[in-house]
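Structure incoming, see below.
The chains carry the letters A, B and C, assigned in the order they are written, with residues numbered from 1 in each.
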Amino acid sequence: MKTKKTIFSVLFLLTLVFSFMQNGIQVFASEVPNITTNYEIVPGETTNARIALENTDTVSHTYTLSTGQLPEGFNGYFSLDGNVVNNITLDASQKNIIDFFIDVPLNTSVADMSIPLEIIRDDGVKESLSVSFTLNQDYALSISSNIQSLKAINGDSIMLEIGITNTGNKDLTDLSLQVDPPYKWIVENVDPANLTLKPGENSLYKLKVTIPSSGQAGQYPINISCTNSDVTSNSISIPVNVSTSVNYFWWITGIIGVLLIFTILYFKKHGRR
Amino acid sequence: MLVTKDLTKKYQDFTAVDKLNLTVKDGAIFGFLGHNGAGKTTSLSMLTTLILPTSGSATIDGFDVVKDNLQVRNLLGYLPENVMLYGDLTARENLQFFGKLSKVKDVNKNIDEVLNMLNFTEWTDKKVKTFSKGMRQRIGIAQAILHKPKILFLDEPTSGLDPQGTKDIRNILLKINAEWGTTIFMNTHLLSEVTKICTDIGIISHGKLLVSESLSNLKENFKDAKSLEEIYFSIEGGVNNE
Amino acid sequence: MSPMLVVIKKEITDALKNKLFLIILGMLLLLTIVSVVLGSYQVKVSLDSYNQSISFLKSLGKTTFPAAPNLNPLSSSKSFVNYIGLLGALLAMVLGNASVVKEKRSGTLKLILSRQIFRDTFLNGKVIGNMILLFAITFVTSIITLVSVVVISSAPISSGDIVRMFLFFLMSFLYMTFFLVLGIFLAVLIPNGNKALLITVIIWLVISFILPQIGDTMDMDNQLPGGFFSSMGMNKADTQKVLDHFKFYETTRDGIEQMSPTKHYERVGFALLNIKPGFEQNTALEVLSIKWIDVLGLLAPSIILWLLAYMVFLKRENIYQE
């Protein structure tokens, strides 16, 4: 009886394996080193998942790669040898490792997700594989500012206050503000120079930016983010509307006015001819 | 009509006109004689308000040439030496422009009248650049008299003209003087023309007025002189020898 | 008719008979037409490519499409800034110089000034008559540009864009007016007409090419291709530290650039035509109010030169001599 059960199990397994082999696709993740179906993602970073694809058929096939619906803000794409691909051609018995990249937005409420990956062979045969992603909330940082826009005059200095919050689960040390001002603007007195924040803690950066007197009038953005070795925050852009100092207007009008008066007096002295 | 009092023009160290005292009566034809560089053109330029006197004064019909310059210009007509006019315009177009500038009413009618007087109607619609010197002088006079001025200033009006041209200009001036009573102030060094046309003359030398008299008086004073040329040289030469 | 109107009318008819003026005008109009047609065609090609991509995506059953490219039909006038800087300025200088010199050479200046017209009125007539000509030229080129952009590029052009375009051409007119007044001023100041024109051209070269070039050359970051600071391997923070020590230098450099009406014309023109980024959201009048210093940089020199021309023309005794 026991022998009969064993024979039937082996036969069943063999049938399963045989029928699977008849489909011609092998998609597996666990038998190849460094390939797993469970990945950790960090907000603001790109995670690289790997899948192995083998053509077990006797002829060459082209396989179309696609993902299921991704959560909002996420972007996923396949890559082979550094090139983004939507399909791959494999010869008979050829095996290849494909990278699946997923860009994670900085602000996401998705903690865990499972993304179905679909591989469709050129003759319609389908295979799917689910890859799981778990959000690593250890290091997360957010900055904000109450300033919608600023008005300033050439040569002026403006003061900015940037709020910063540690939205992760671990302490963040050596945080420094990265300020990308327009060309020739000078960033002065970033206070504090470095910051340490515990989880949930927030603080305020104060900085002074000086606009060159030679700057042209117009709207210029100051792009700011905060970073340390573990994490980079979101980037905010503060538009500054720069106008030319009205002193120039008075100077020029004054010169014209003086010249006009001089001309009138000149005419009075020499008579209108 | 025209009175100058110590009219002077200095250019830095050089005195072009030195205390000119002149009176020209209404209706006179005044010939202003002098050698080259004597100060004739400078005097004329001051009287026609083109340059400012350094000192002294001049009035035309009671209007000061400096303070009342616009009124003075209303009274005068001016023909400078070697005027070219606008070569690309026709005679009529040139006269229309100057007539309108002089605020002549019914300018075309005036143009026809003046050109008729100057026997120039045949070339009215020809471009000025095709004209001979004599013809240009006639158009020059036409623009000067278009607004029927009370006094006409002419700078060497017969300079460079052939005898026929000279005669034509002379006749025109006599006609204007006779028909309209226009006073004529003429710079010239053609003594023959002065004799034929002028009623009064003035002689200037090195900026100074040597004499200003009616022609008849002058001839009376220099009875022994056989010609105006002799009178001229005796006056001018006498001063230069002093 | 007032004497000034007589002078204005004559000025316009004289210019239309001036061969040099007509040649330069012909070149300017030809270059304008060619550049605006080419520019409009480029916009059309971009628009057609985008529309084709959309059609293809629709045929694949896609419902989300990439955003339309920022076509900026006004940018087809970009080359016009260079042509006005070169030919437009030359045209205006020739007009200005000729308007005074021709009167001296023909001996008509004496005839005019011995008539019932004040010298300042005569000068006003010259300036205004030539300004009318320049305005007509910029108006015609603006119509040519607008028609070309609408007909050839087929790009959507809003009423705001049309206002911007006309204001740009107004700035072109103000720029040429400066050179007109410069030409007249120097012709009044300098007895020799040819010398006056030569000096006018030299000043134009200095203003249009040398001063902006000095400004660009003095800009440290322009010393090496790719940027001086980038080539030195300096990041933005280090760049800023260096620039912090050169504030006076920067002010001087900017001062030299500000002396050039060409630079002001370029700045306000590029802002109006949306070639310089940052003004896309502003209305045309807002752009002018932001760039008021550049508008003033075009107006003020013209007014100053005009007043100086009055004084020189009033005083000069040998104005009749060439």
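Everything that follows uses one rule, which is that a residue touches a chain if its C-beta (ideal position, glycine included) is under 8 Å from a C-beta of that chain, and two chains touch if they have at least 3 such contacts.
On a predicted model such as this, the values are computed, not experimentally measured, just so you know.
Undergrad: Compared with chain C, which chain's mean CA position is the farthest off?
TA: So the chain farthest away from chain C turns out to be B.
Undergrad: Based on C-beta pairs in contact, work out which chain pair has the most and send it over.
TA: A-C
Undergrad: Of the chains present, which has its C-alpha mean closest to the combined C-alpha mean?
TA: C
Undergrad: Just how far, in Å, is the C-alpha centre of chain C from the one of chain B?
TA: Once rounded, the distance between the two centres reads 48 Å.
Undergrad: Report, in whole Å, the distance between the mean C-alpha point of chain A and the mean C-alpha point of chain C.
TA: 43
Undergrad: Would you kindly tell me how far, in whole Å, the mean C-alpha position of chain B lies from that of chain A?
TA: About 91 Å, centre to centre.
Undergrad: I need the residues of chain A touching at least two other chains; which ones are they?
TA: 270, 272-273
Undergrad: Provide the list of chain B residues touching at least two other chains, using ranges where the numbers run on.
TA: In chain B, residues 49, 52 touch at least two other chains, as defined above.
Undergrad: Going through chain C residue by residue, note those that touch at least 2 other chains and give them in order.
TA: 113, 118
Undergrad: Per the contact definition, I'd like the list of chain A residues that touch chain C in the complex.
TA: By the definition above, chain A touches chain C via 180-181, 183-188, 212-214, 216-220, 241, 243-244, 248-249, 252, 255-256, 259-260, 262-263, 266-267, 270, 272-273.
Undergrad: Which positions of chain A touch chain B when the two form their complex?
TA: Listed in rising order, the residues of chain A that touch chain B are 270-273.
Undergrad: Which residues, counting only chain C, touch chain A once they are in their complex?
TA: Checking each residue of chain C against chain A gives 113, 118-120, 221, 236-237, 240, 243-244, 247, 250-251, 253-254, 257, 267, 271, 276, 278-279, 281-282, 290-293, 296, 300, 303-304, 307-308, 310-311, 314-315.
Undergrad: Give every residue of chain B touching chain A within the complex, in rising order.
TA: Touching chain A from chain B are residues 49, 52, 66-67, 69.
Undergrad: With touch defined as at the start, can you tell me which chain B residues reach chain C in the complex?
TA: 11, 48-52, 70, 73-74, 76, 78, 80, 82-88, 97-98, 100-103, 143
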